[in-house]
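Have a look at this one before I ask anything.
When the chains are written out, they are named A, B and C in that same order, and each has its own residue count from 1.
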Amino acid sequence: MSTMEGYNFAYLDEATKRMIRRAILKAVAIPGHQIPFGAREMPLPYGWGTGGIQVTASILGPQDTLKVIDQGSDDTTNAISIRRFFRRVAGVATTEHTAEASIIQTRHRIPERPLREDQIIVYQVPQPEPLFRLEPRRAETKRLHALADYGLMHVRLYEDIARLGHIAKAYDYPVMVNGRYLMSPSPIPAFDNPKMDRMPALQLFGAGREKRIYAIPPYTEVRSLDFEDHPFRPIRAPHACALCRSTDTYLDEVITDDAGGRIFVCSDTDFCAERQAAAAPKEAAE
Amino acid sequence: MSAPLLAAEGLTLRFGAIPALLDVAIDIAEGEVVAIVGESGSGKTTLLRVLSGMIAPDAGTVRWLGQDVHAMGEAARRRLMRTEWGFVHQNPRDGLRLAVSAGGNVGERLMAVGARHYGKIRAEALSWLARVEIDAARIDDLPRTFSGGMQQRLQIARTLVTRPRLVFMDEPTGGLDVSVQARLLDLIRSLSRELGLAVLIVTHDIAAARLLADRILVMRRGRVVEQGLTDRVLDDPQHPYTQLLVSSVLAA
Amino acid sequence: MMPALRTEGLAKAFTLHLQGGTHIPVLEGVDLAVHPGECVALWGPSGAGKSTLMRCLYGNYGAGAGRILLRHRGADLDLVTADPRLVIEARRETIGYVSQFLRVIPRVATRDIVAEPMIARGVPKDDALASATALLNRLNLPERLHGLPPATFSGGEQQRVNLARGFAPGYPVLLLDEPTASLDAANRAIVISLINEAKAQGAAIVGIFHDAEVREAVADRLFDVLPIQDAA
């Protein structure tokens, strides 16, 4: 597909990209720290990934191969729209295979296949402030970050255990980055948190409405908050994938009929498909 | 006599043309309870805020163990405020998190200084609720379901849980019924003795000052007009204003 | 032997600012010395300033002139000029005061009120509570009352609590302001023996005793406190 006429490469003008790249560089230099940036109006509503798209647009080059996933899937409306958007405004190659992508923009998941040093993952972030629900004053949350005063976040986890017997946060589970900044990992399942720790790929986070960018450089320590006697546990549905039989991936529950029938399948469609393809010749041979 | 924990001198602060503090000096030693009394507007609450580093004076210094409180960075001051210092507000709503359970309120300071064992935090919260006479069964209740006196006792537990050396108290019995006040005063008194706390308490309640304080400072229009041993100041007041203040107290 | 407590040229006057600055001199040129093992009874008509002198000796009233020298930690401490923190230390360790009235601390049990000054002096809590109980029993305060706050006790019961609190720690210097005013004969006799035991242990005692029987039983000498005639 050819690039659309009348737009700069990857939609954003070069000055805007430079501004965003400066924010990204600063974010990489201070892992987990939220950097404000001048988010532009995008041809997409807030909540559809405008922050992630701007980050992607700013780092994208003509040689890149882009993969976009939404809840682990390459073929949801949101993922397809964004992929098509970049194909039209940048003319870059796109893929559905994690292994082939140089940039992966994601909403709500980290691919199951481990990422490599030559890859970058861009997260779409609705609310970058992990203390948002605990401390409504923005100036005060900034001060708490500046002073690394994070007792409040543990109070929240304490409250969960006191009321429910366990930490109830199943997604957007707060992490400490490089032992310094408390960070929202975006609404990925807590199951994915361990993948962030010392990940070889660069991790970038963009929040369009909130106008914040933050980052985790490769091989940075990322720790999920917990208590010694209530350690962090990545949670997944206790089933095997109905399609690929995987027992160590994150599963979606799919309702199959009106009679209460349901199955569990891998949320990462690409990973699931690869496993099925690898298993198929064996089954065919039997 | 040991060196004072907190020592201030020459404190002056004006709000516009109005002097809130004029050349005030005060110090407090380990384990000592010092009351600052005076009528509304005398500058006593302002003094407490200056001493605790919340507002900077126009002139004068406040030293904590020799270190200038207003020269240290905010990070150091906040660390002090959640470790070696405590602040009990007149209105418990200013000192509590109303959307967090009683146990969470008590545990917050522990977690802020690095406690990461839920069971130990909870056990400590329970023991503090007992010390301030709050039923253990209320540990998971929100403070907004508590009476005013209970909220104030919870605030005290929340403040003392990290064993501060100095606690600032601003009219801690202010909005409470008389019967509840007596219980709270007695609690503050016994806890301060037991823990060897230094307490700097602002009050306009002369009877409370007599019950709690080793020493007393009488403030009027931003100045300390008289100070000394509590019973000497109250039983043998020298300054006209102190005589007025003492003679104005209704004998129960 | 050094006196345990002495005054030199002690003077005390009150200025009542609320009554137009009226100046009332009460004490002038008081020179009193009390030695260990000695009991001195203040003597004089009522209104002469005996209670004022007692309160000065305890540091409760400030002095207008002169010195009040208390033997404390082996040296003289001038209560007139001493830092309040030193006065508090002297009250904890050296000098006790039994007033006529008990200043009630709300909600604190009688036994704890009596034990408190001993605990403050470093006596282990259990020992302090045990001696508090023993002394209250000796003063015939029924044991069922020991666990209650004394706020609702009768005048005589409160006075016995006060006496127990004053005598239990064994202060080297003890001030007694009419310690037997509300007591019956049997309890007066017990107080007399308490005072004599304290003397025998070397306590220096200053007292106001209106009761002649008690005074004669305990006082080694009288000290005249006379009204100032030329009150200006």
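Note that contacts are C-beta pairs under 8 Å (C-beta built on N, C-alpha and C of every residue); 3 or more make two chains touch, one makes a residue touch a chain.
Chain-to-protein mapping (UniProt): A = Alpha-D-ribose 1-methylphosphonate 5-phosphate C-P lyase; B = Putative phosphonate transport system ATP-binding protein.
Small disclaimer: the values here were computed from a predicted structure and weren't measured.
K.L.:
Trace the shortest chain of touching neighbours from chain A to chain B and give its length in steps.
P.N.:
So the least number of steps between the two chains is 1.
K.L.:
So, comparing C-alpha centroids, which chain is the farthest one from chain C?
P.N.:
Using the mean of the C-alpha atoms as each chain's centre, the farthest one from chain C is A.
K.L.:
How many angstrom lie between the centres of chain A and chain B, each centre taken as the mean Cα position?
P.N.:
47
K.L.:
What is the distance, in whole Å, between the centres of chain A and chain C, each centre taken as the mean of its C-alpha atoms?
P.N.:
That pair's centroid distance is 77 Å.
K.L.:
What's the distance between the Cα centroids of chain B and chain C, rounded to whole Å?
P.N.:
The separation of the two C-alpha centroids amounts to 32 Å.
K.L.:
Would you tell me which residues of chain C are touching chain B in their complex?
P.N.:
14-18, 55, 59-62, 83-89, 105-108
K.L.:
Which residues, counting only chain B, touch chain C once they are in their complex?
P.N.:
Interface residues on chain B, with respect to chain C: 1, 29, 32, 182-183, 185-186, 189-190, 211, 214-215, 228-229, 231-232, 235-236, 238-240, 243-244, 247.
K.L.:
Would you pull the chain B residues touching chain A in the complex into a rising list?
P.N.:
74-75, 78, 82, 97, 100-101, 103-104, 107-109, 111-113, 116-119, 121-122, 139-140
K.L.:
Which bits of chain A are touching chain B when the two form their complex?
P.N.:
Residues 143, 146-147, 149-152, 154-155, 158-159, 161-163, 226-230.
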